[in-house]
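Structures incoming, each one as structure tokens.
One chain, chain A, links the two complexes that follow: it is found with chain B in the first and with chain C in the second.
The block that comes next holds the complex of A and B.
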């Protein structure tokens, strides 16, 4: 990128918000995606508002500069790794929170983190009930671009389910508003499905390939204050999976329900239980750790009682251990960071969705491949919506051991293929899924058509969305 | 003076083999593991016929490779440190399958 172009970016955002300094570029070369090779960009720009983002993309289009949008940098699957010679657009300066109390919605700028929003909403006795476990640094808009999930998703689904509308700057610099706010006379965000097809949905999970989300309008809910934390042990995977189905069928407000296989939980707890203050207890073959949340105490107690009854009816055992689910819920802003980064491991992940009754297939595939390639790792999952489980392996490797890293990369590819064949679907259509997806030529061709139509110069996050 | 490491490992393995959890973990299990100490010495373990034996020197094509130092191995066998704790503190490196690790944590 030559000086003339840098100068033009400086004219848009101001000299202090453009950088080509080596130390700054190094910072932007990597995200939390530890298993993805860092790439040093040519420059970083930090716009203050939507108009500046628009001008930046117009310029990038003119000079065909690859653009990588970035906010909190907490994405795990390489979504915000720059391109060589490319431009990183850091969106953290796009702040602002506007509450529409009567519409039960809130609009946030692309730079607003979950932590900042939660602090704001708490004052109004409200919350946005889906939290990625990196929520202190993760921005809401960035999370929408990857359609994230986490604590709260067991009841409310992925973050996409919470979106009422988006303001998006398209690759050519034009600005569009989706949802009810597309009508300039609307009192605010109150319905997403307005004005024809779900254009909002086009950008949810788009991994920044179709444009830059500059504002997001979200549903808000009355903040829950009554919680029940418990663990439920089962001898078989089928019992545990049926338990999760019946929790849903009986409208038990399970905010976060995690499913662990016994041996993995045992290993995991050995690594972290002391640090997290968990008691030692006998793990079952399958253990569900569940937080029930309600706005009224009587409802919470009723749900908790019913959950115990269902567990016992299925032959399970109510473990009466509250520390783990309580920590999962109360630590929802930083749990993942503590669990995954605390001990300096590098790892590859492969988030995907399975049905609750197919969860064991993911566990079996992951354990089988980890055993075949002989490295350390673990797997677990959580209920992520109406009838889905978000499952993942953590495939650990020592970054200084290239042979081990190579094995993990190979195993990762094999797991992706086997998961797809088992009926799983990607949580995020990250680049590595492209080799695993089979017999979906028509769909992938349509996705390519969309990409080429919206971004004919291919400047936005090229290759990130399923390799497109 | 410290007890000879090989002697210590044999003594502690014999004690461990009396435990139900260890017996359960190795029942019908056949594995070899090579322990390489940072100080240089190498040892290998053979789990076979519901027994664990330890020998000096390397073994060809071990199922698991364990890298550590003498102090850590002593602590592991004296149960002053858990295998997982040693792994996360990077004092012990195990190259092998997760399912094997889950088993060996019941052996140490």
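The block that comes next holds the complex of A and C.
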């Protein structure tokens, strides 16, 4: 990138917010994604608003400069690693929260984090009920770009389900608004499927390949006040999986339901039980930790009773342990982060969705590959919507052992292939899935067609969305 | 400082998994409303908060990044306030690591760091003043203060030279409580800034000199009014292998004095909303949160109100870690940001318990044309003594 272009970026955002310094570029060469090779970009810009983002993309498009959008930098699967000679657009300056109380919606700038939004909504007794595990640092808009999930997803699905509309700057710099707000006369965001096909959906999980989300309009809900926290033990995976199916089929308001195998609970209890105040208890081969949430107490109690009945009918045991699910829900901003970093290992993750009754397949595949490559790790999962489980294996490695890191990367590829064949689907269509996906030529060709149509100069986050 | 084990330091730095919580986490349950005040008040690139600083440190240590003053800037644009350590989910102390990195990489040229250290070595204070003026305030207290005694009031460079009111107020309160104390005839600097900026060998020499002077004073207890002096004498000197008598911050002693009803305190003429700014080295580092608040509450008419971030999660004023010298403009912007937090809650007075914080908060208030009063806890108390 030559000085003339840098100067133009400086004219757009101000000298203070453009950097080509070696130290700064180094820090943008990677994100929270571990075991991913860093790439030094040519420049970083920090725009303040949508107009500046638009001017930046116009210029990048004119000069065919590869662009990597970035906000929290907390993504885990290589979604925001720059390209050599490329430009990183850091979106954290795009703040602003606007509440539409009667429309039950809120609009946030691309730099607004979940923590910031939750504090704001709490004052109005509202919440956006899906919390990614990195909620303290990740932005809502960035999370939409990866279609994230976390506590709350068991009932409300992935974050994409909460989106009512997006403001997006396309690769050529033009600005579009999706959802009801596309109508300039609309009083605000109130429906997503407004003007023909779901254009909003095109950008959800797009990993920044089709444009930059600059504002997101989200559904809000009344904050729940009544919760039941319990754990349910089962001798077999099949029983536990069927329990999760029946929880859904009976409309039990499971806000967050996690499924743990015995050895993973062993690990978590070893690491954190004392710190988080978990009692020691007899857990089973498979244990479900579940938070039921309702805005009314009678409904919560009715759901809790039914969950116990279903558990016992399936041959399971109601464990009567509340501390762990309570910490999972009440401590949702902290405890997952803490669990990820309490041990000394670095890890590579492979988020994917399975059906509840296929969850054991993921566990078996991951354990088999970990045994083969002889490294440590774990996997657990949580209900992530209508009928899906989000599973998240952590493959551990020593960051100072490059051979081990290489082995983890190889194992990761192997797991992706096996998972795909087992019926799993990507949580995020990150780059590494391109070698795992088979017999989907038509779909991938269509995706490429879309990419080429929207971004003919191929400037936006090239190669990230399934390698496209 | 005991020898730094480089392998251990790198292992610790690699505990950072780059999650980024140390940037701007808003975590209401624990009182965080943002984390890094440098990120908030600068152009906000990744190098302006701990995640980026650690990446830069690792790259400088392994040679990926050339050891130039510009590339090392991220190591020094940090006040070492410790708010990132407070929230970090990993098993290491990023603030302590960064301080060690500064020491390990002290071969990278840094004029500001070196100039301060040289001034301290030459003048016994960082202000290039004749060090004897550090005791001039004693002439104004109206009674004799010996230079030896059981209780030694170690004034510190900023209270001694820049904000002598704090020293005079301390003397007035001690006198009123009937407590005898001494002030050194000539007081060497504690060397805090040398330790923070990586000049460890010089700091050690300076510490040995100070320890000798204190030993000769016969002190059995040392009283300080500066949070930086407290951290250095209480926590760093033992790591340098230097034993001193017990170190007390003045607010810790005052809490006891007040409990024992040794002071008669009159009411403020008009009630005032007072907020307390926690100095990082007194609060997060030394764990002293309640004593200064108890002192303030003992003044009738004080309506003590808390800022959005307070105690363990309080935002730094921007003065420490060598930043005030390294980048005065940034440091003052951070102070102005802290002053705005007090204005947001309609506070009329910001009380603090560190002359370095007071000095910078005054500069911050000036930057935004605020007339809010900024004062040390001891000044406020001394004004109300009968």
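As a convention for this text, the second predicted complex is superposed on the first by the 467 of 468 C-alpha atoms of A that agree within 3 Å, B and C clash if a C-alpha of one lies under 4 Å from a C-alpha of the other, contacts with A are read in each partner's own complex, and residues count from 1 in each chain.
The working rule: a residue touches a chain if its C-beta (ideal position, glycine included) is under 8 Å from a C-beta of that chain, and two chains touch if they have at least 3 such contacts.
For clarity, every value in this text was computed on a predicted model and none was experimentally measured.
Overlaying the two complexes via chain A leaves chain B and chain C side by side, clear of any clash. Once the two structures are superposed, chain B and chain C can be ranked by residues of chain A touched, with C on top.
Contact with neither chain B nor chain C is seen for A:104 once the two complexes are overlaid on the shared chain.
When both complexes are overlaid on chain A, the residue A:46 reaches chain C alone and has no touch with chain B. Of the two partner chains placed by superposition, only chain C is touched by A:74; chain B is not. In the overlay built on the shared chain, the residue A:434 is in contact with neither chain B nor chain C.
Applying the stated contact rule after C-alpha superposition, one finds that A:248 touches neither chain B nor chain C. Of the two partner chains placed by the overlay, neither chain B nor chain C lies in contact with A:417. Superposing the two structures on chain A brings chain B to within 9 Å of chain C, judged by their nearest Cα atoms.
With the contact threshold set out at the top, residues 342-344 of chain A are in contact with chain B in one structure and with chain C in the other. Contacts from chain A toward chain C in the complex involve residues 16-17, 19, 21-24, 26-28, 30-32, 34, 44, 46, 72-74, 90, 92-93, 113, 115-116, 118-119, 122, 134, 136-137, 333-334, 337-338, 340-344, 346, 399-400. Contact residues on chain C toward chain A in their complex (touch as defined above): 10-11, 14-15, 17-21, 23-30, 32-33, 43-47, 51-52, 55-56, 59, 64-66, 70-74, 89-91.
Of all the residues in chain B, the ones that touch chain A in their complex are 63, 82, 84-85, 87-90, 93-102, 105.
In the complex of the two chains, the chain A residues touching chain B come out as 263-264, 266-267, 270-271, 342-344, 367, 370-372, 374-378, 398, 404.
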